[in-house]
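Written below as structure tokens is the structure these notes are about.
Read from first to last, the chains carry the letters A, B, C and D; within each, the first residue is number 1.
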Amino acid sequence: MILTDSLLDFFLETRKHSEDICQPLEIEDYVVQPVIDVSPPKWHLGHTTWFFEEFILKPHAKDYTLFDEDFSFVFNSYYETVGKRVVRSDRGNLSRPSVKKVYEYRKYVTDGIKRFLAINQNQEINAILEIGIHHEKQHQELLLTDIKYILGNNPLLPAYSKTFEDYPIESHQQDWIAIEEGIYEIGHNSNDFCFDNELGRHKVHLHSYEISNKLVTNKEFIEFIEAGGYHRFDIWHAEGWDWVSQNNVTSPFYWHNIDGEWYNYTAKGLQKVEEQAPLTHISYFEAFAYAQWKGFRLPTEFEWEAAQAFFPWGKRWEWTESAYLPYPNYQKADGALGEYNGKFMVNQKVLRGSSVATPSMHTRHTYRNFFHPQLRWQFTGLRLAK
Amino acid sequence: MILTDSLLDFFLETRKHSEDICQPLEIEDYVVQPVIDVSPPKWHLGHTTWFFEEFILKPHAKDYTLFDEDFSFVFNSYYETVGKRVVRSDRGNLSRPSVKKVYEYRKYVTDGIKRFLAINQNQEINAILEIGIHHEKQHQELLLTDIKYILGNNPLLPAYSKTFEDYPIESHQQDWIAIEEGIYEIGHNSNDFCFDNELGRHKVHLHSYEISNKLVTNKEFIEFIEAGGYHRFDIWHAEGWDWVSQNNVTSPFYWHNIDGEWYNYTAKGLQKVEEQAPLTHISYFEAFAYAQWKGFRLPTEFEWEAAQAFFPWGKRWEWTESAYLPYPNYQKADGALGEYNGKFMVNQKVLRGSSVATPSMHTRHTYRNFFHPQLRWQFTGLRLAK
Amino acid sequence: MILTDSLLDFFLETRKHSEDICQPLEIEDYVVQPVIDVSPPKWHLGHTTWFFEEFILKPHAKDYTLFDEDFSFVFNSYYETVGKRVVRSDRGNLSRPSVKKVYEYRKYVTDGIKRFLAINQNQEINAILEIGIHHEKQHQELLLTDIKYILGNNPLLPAYSKTFEDYPIESHQQDWIAIEEGIYEIGHNSNDFCFDNELGRHKVHLHSYEISNKLVTNKEFIEFIEAGGYHRFDIWHAEGWDWVSQNNVTSPFYWHNIDGEWYNYTAKGLQKVEEQAPLTHISYFEAFAYAQWKGFRLPTEFEWEAAQAFFPWGKRWEWTESAYLPYPNYQKADGALGEYNGKFMVNQKVLRGSSVATPSMHTRHTYRNFFHPQLRWQFTGLRLAK
Amino acid sequence: MILTDSLLDFFLETRKHSEDICQPLEIEDYVVQPVIDVSPPKWHLGHTTWFFEEFILKPHAKDYTLFDEDFSFVFNSYYETVGKRVVRSDRGNLSRPSVKKVYEYRKYVTDGIKRFLAINQNQEINAILEIGIHHEKQHQELLLTDIKYILGNNPLLPAYSKTFEDYPIESHQQDWIAIEEGIYEIGHNSNDFCFDNELGRHKVHLHSYEISNKLVTNKEFIEFIEAGGYHRFDIWHAEGWDWVSQNNVTSPFYWHNIDGEWYNYTAKGLQKVEEQAPLTHISYFEAFAYAQWKGFRLPTEFEWEAAQAFFPWGKRWEWTESAYLPYPNYQKADGALGEYNGKFMVNQKVLRGSSVATPSMHTRHTYRNFFHPQLRWQFTGLRLAK
């Protein structure tokens, strides 16, 4: 548990960072929701604020007045415990509250927390606050990837930033790291913050395996495309093949073939695909098919965790072969916070690592991210095992 | 054909009026598209501008430079002749071009037309310009009703304007106007502007009938609701009954029952239903069911036109029993302008009259409006016949 | 009103004819429902029987015992007045009652009617019986076209009959019949049976027009296909163009292009398209597009009725430009029989004439058939007007 | 590998058993497909036959003549390698080939195999034959559950058999079996037949756990219903809660509440729910919610396999918490047979054990069955762990 002073700094830094991410946006960019998985930026700004209001100020701060009674309805995401909420698919239909009002809401709640912390310090509050901060950091990653979706699917393809680097290169040589058979301890084991899905540290037996020290690159994936990988049913899951066929998928997300050359939309706008950069914006289905085609496989999340110290990571979330399931002795939290992770443990795949969009102090080698196997708008990537 | 000078005034007044309608909006309100039938206000502003650029400046103005080459893709509505376009359901996914840019586009094209007209005057250009003006006036009505939809379906129910009056009362007594059997001439018959679907003036034989001099009121419709009208299958079309059942329709659009009293969203925000005001925001299905329940029927568009001089109209578009079909000898225009009306002449019902949202100089007793029978977001109303 | 004796003969002949139509079927053919518009043959056999049981025997025959209490649920089609029923899309999911049981049901009810008529003779009963007979005749046409659908969409393409002739040739020369402007009387005007939608004989003013004495042939439609008719948006309704695009329609229903030659499925199995035969199995959208392409139009149902004595008809149901609407002073019947026609009078087009599948004594020059504009499994055809 | 003589007996016994299962059916019952997951019985009979023709007779039997060239198209299930096939959702639309023809096909291929085996004996052929036999046994289970679906969803609720017992009672007392922490070997380890998904025997570390010696009973599940289990979002997965809400699920499949008492459809027709019998026809979502409500959990497939010798099983397929994933070193077979298992290893849950519908010689303690988490028409059940 960190001390209250540094916790306040951590809180304020986090609040500021969300707004920094939005700094390049036009007001219009805050509003739209082009597909159901993408939320409007102003919704992220409001929802992360609502979390602090709902779980700290409302129940614990004496004489606190809600900023607006309707905001719980507007900015609740999925907490059934807390009451009714705007249906997810309707978030992009809401022009009000305005962006200006959402920033006022942020300031009101941030100030409220500051005042509250000045006179209230106890472990329970600090624990919720810490969850709220990490919750906002999670949304910062979504905020960035949702903004990329909004701009990258606009026919004008506007750039987001001249400095954000979404295609960093791994310059070392590919090699295989050999891990010996044995019992490995998996899961969180320090006093630092973690989510409930990382807890229940436990033993896993792993047979000997090898895992790549490098992510698959764009160049390697272009070979897959050119070898007809998107047209060979035998390397895909049945559901993956349906997904490819129904959506007519022929390349990673954001890629455009212009006169025979591959371009992709990046934070800087449309650019030629950087062949040496690690592949990204692929679904689990594509990751699996690529591995099949190469004669290798994806690692499990346990294999990844046991080997993670041997390779540089932090550029792409990496699809694993593991389904998102509870660890032995998994305990979900009481009340609304118990809805955070456990109820999503079906039909999703685990991703490990972290990406160029992950904010500072939000990476852990035990962190378990999870998405449905067809999703591609995150900075997903692929590391082979055998 | 009107003279060029007054045509220019007419043009400028129309251009200004579209922007006046949007004056109360926040920038965010310009962007969203809560359902497929509603377009974002900035799209209306851009599309009506694109019409003048595409059909006048681009083909006829020497040395004219397009404001932005991508705008044809963004702001074309349905003219297949003119090329590719943003799918209608995606209009609300576009944060760019920004509202500011759209207003620059409007100014650029309005100035372009002014300069062009100063040196080009001929009947062909004037005719297209006149269509463009009336096209923009049509969109002004949609602009208002789309804004009402956007605000009236926002959970915060923000008001649009303190002065716009969408529930005007007809204070005269209801009575029946008797029309004699005979041959009546139907369709446009002056030199003034009209759309192609009003042309082909022709004779129609009408049997004797009676038609109400007054629109059905909210009070009368509340009687229908209280008599269980929404739950009696025998007074609905089969498709109407499916629509009621699947959408769980129990009142006109924008109506809310709060603690047993009827409220509705108006331009001034949520207000008690004004019982004396003419009913509005009903589908054809509801209009038909009400008439059945009362033992009367809807007039045909021919009966309406033959009697229109005897009653005050201009408050509600009135559903008729007529399907939207071509008049005898209907001729559609050549080229892209031929896509204006004819291709919609199936599966739609004719509405006659005009509404509180219809701009000045855009009403005619031969005007044929048309919508699918389930739509309710226009200021639709109901006049009985027998 | 016809006399009871001949009415009994008429009844028995009609009952027998339904079973004759099914004589070539395997038991399996009676069961399936490949699309929602097609009903399983055993359902038609049961439903037409249920009509007599429900509206005559159950209310009027003393001491009558229902054949099976559950059959009302199974064989009611759409009469909301009469109670719950199997959802239309589920008809093909019912393996029971078996075909054998349905034939027993037919015999039981036919015998019941015979016994009942022997001692009950009055105008009211006769009128309902007559409706029931014509109701069964309507279903005989559907029975034939549904059987064609079931067999014609089976990958084995089994033949139905060696003698049924679905592609009869009209051997006379095409010519135009000129009709003078004037007032014409439209609607039923004898004591013979008709449906309620034909009543309300009334005057219609028609401007002068010309109408073809011959249906459009397959050969003529092949010219349309070869001229790219299915790829020219400008000759289609907007909804028609969506239908063509979404369903990838490139020819009439049942047509197959094999090595560059046109074949179609007929009652005799797959055969070369008979070029001289009248075109059939087209939607209203295709009929309209063809007429546009030729520079002509479809007749209205009034133009068709005013001219029908001048041309041979009875081979194809002919699409008209008219929407299916009530005639002036249309009165629907009381009770469940009132659900027969009126509630379908929206979003459908009128077809006139009769087809090779229409049973004897079921054709009238005032008969109004109706279908949604995209449907093609009936023996629909096309006659031009100008 | 078993000897050819007993293999032939095994083959003939299996072929006969499929037909025995269908003995109580009417011809009509063979044809229908009420939902996409259920196949028509005649399709199962044809498909299991096609497997022997396609993989043995066609490639290996000299001078073999296909029974019908079109049958590969009709009876291929999902083998993309082998060519085009009827879309799964269309199986119930096929009235032909007739049931009689399918039985002829069965006899033709069974005789063909007999003749072929008399002169061809080698390990490769025997291995494929053995797969074909086990493939047919798998379909026998589906055949029974599909028949139950067809009859149990018919409004007449016809019985299937007077002797088939689908609600056997486990009469022993419930108790917990304690398993110690340790390394356990998982996967197939004999020379007997198994599917490829059971291979790759490997070590798994298990923490100590307890597992029930008895399945959850109907009586226990009624307590869950009465405690409002279907209405408490906090015990469901988010996707489970959506499934319950959208489908309005309030009880296990085949259950009907009649005047406050629970009945269920069984092979003998509609009967009162046998409270002592093990619960069945529940989805994984329901199994999980029940366990949550009781404060326990589902076992993993590894925990199940490590404990299986301690409890009687064979009545219900038991949902586990494990996702269906490849074992370490999983190798899929070459060619079309490689499509058997591997391509389904995403978004499905593992079930262990076997059910009242599993044919003899088709149970193994390493057998891995798998279904999507919402499916209920199999004889699924539930065993708790902690």
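Of note:
To be clear about the criterion, a residue touches a chain if its C-beta (ideal position, glycine included) is under 8 Å from a C-beta of that chain, and two chains touch if they have at least 3 such contacts.
These numbers come from a predicted model, not from an experiment.
Mean C-alpha positions place chain A and chain B at a centre distance of 45 Å.
Averaging Cα coordinates per chain places chain A and chain C 58 Å apart. Averaging C-alpha coordinates per chain places the centre of chain B 37 Å away from that of chain C.
Counting partners per residue, chain A has no residue that reaches two or more other chains. Contact topology of the protein chains: cyclic, one closed ring where each chain has exactly two touching partners.
Each chain pair that touches appears in this list: A-B, A-D, B-C, C-D. Of all the residues in chain A, the ones that touch chain B in their complex are 26-34, 42, 70, 73-74, 86, 90, 92-99, 150-151, 153-156, 158. Note for the complex: chain D touches chain A at residues 78, 80-81, 183, 202-205, 207, 209, 233-234, 236-241, 284-285, 288, 297, 321-323, 325-326, 328-329, 338-339, 343-347, 349, 373.
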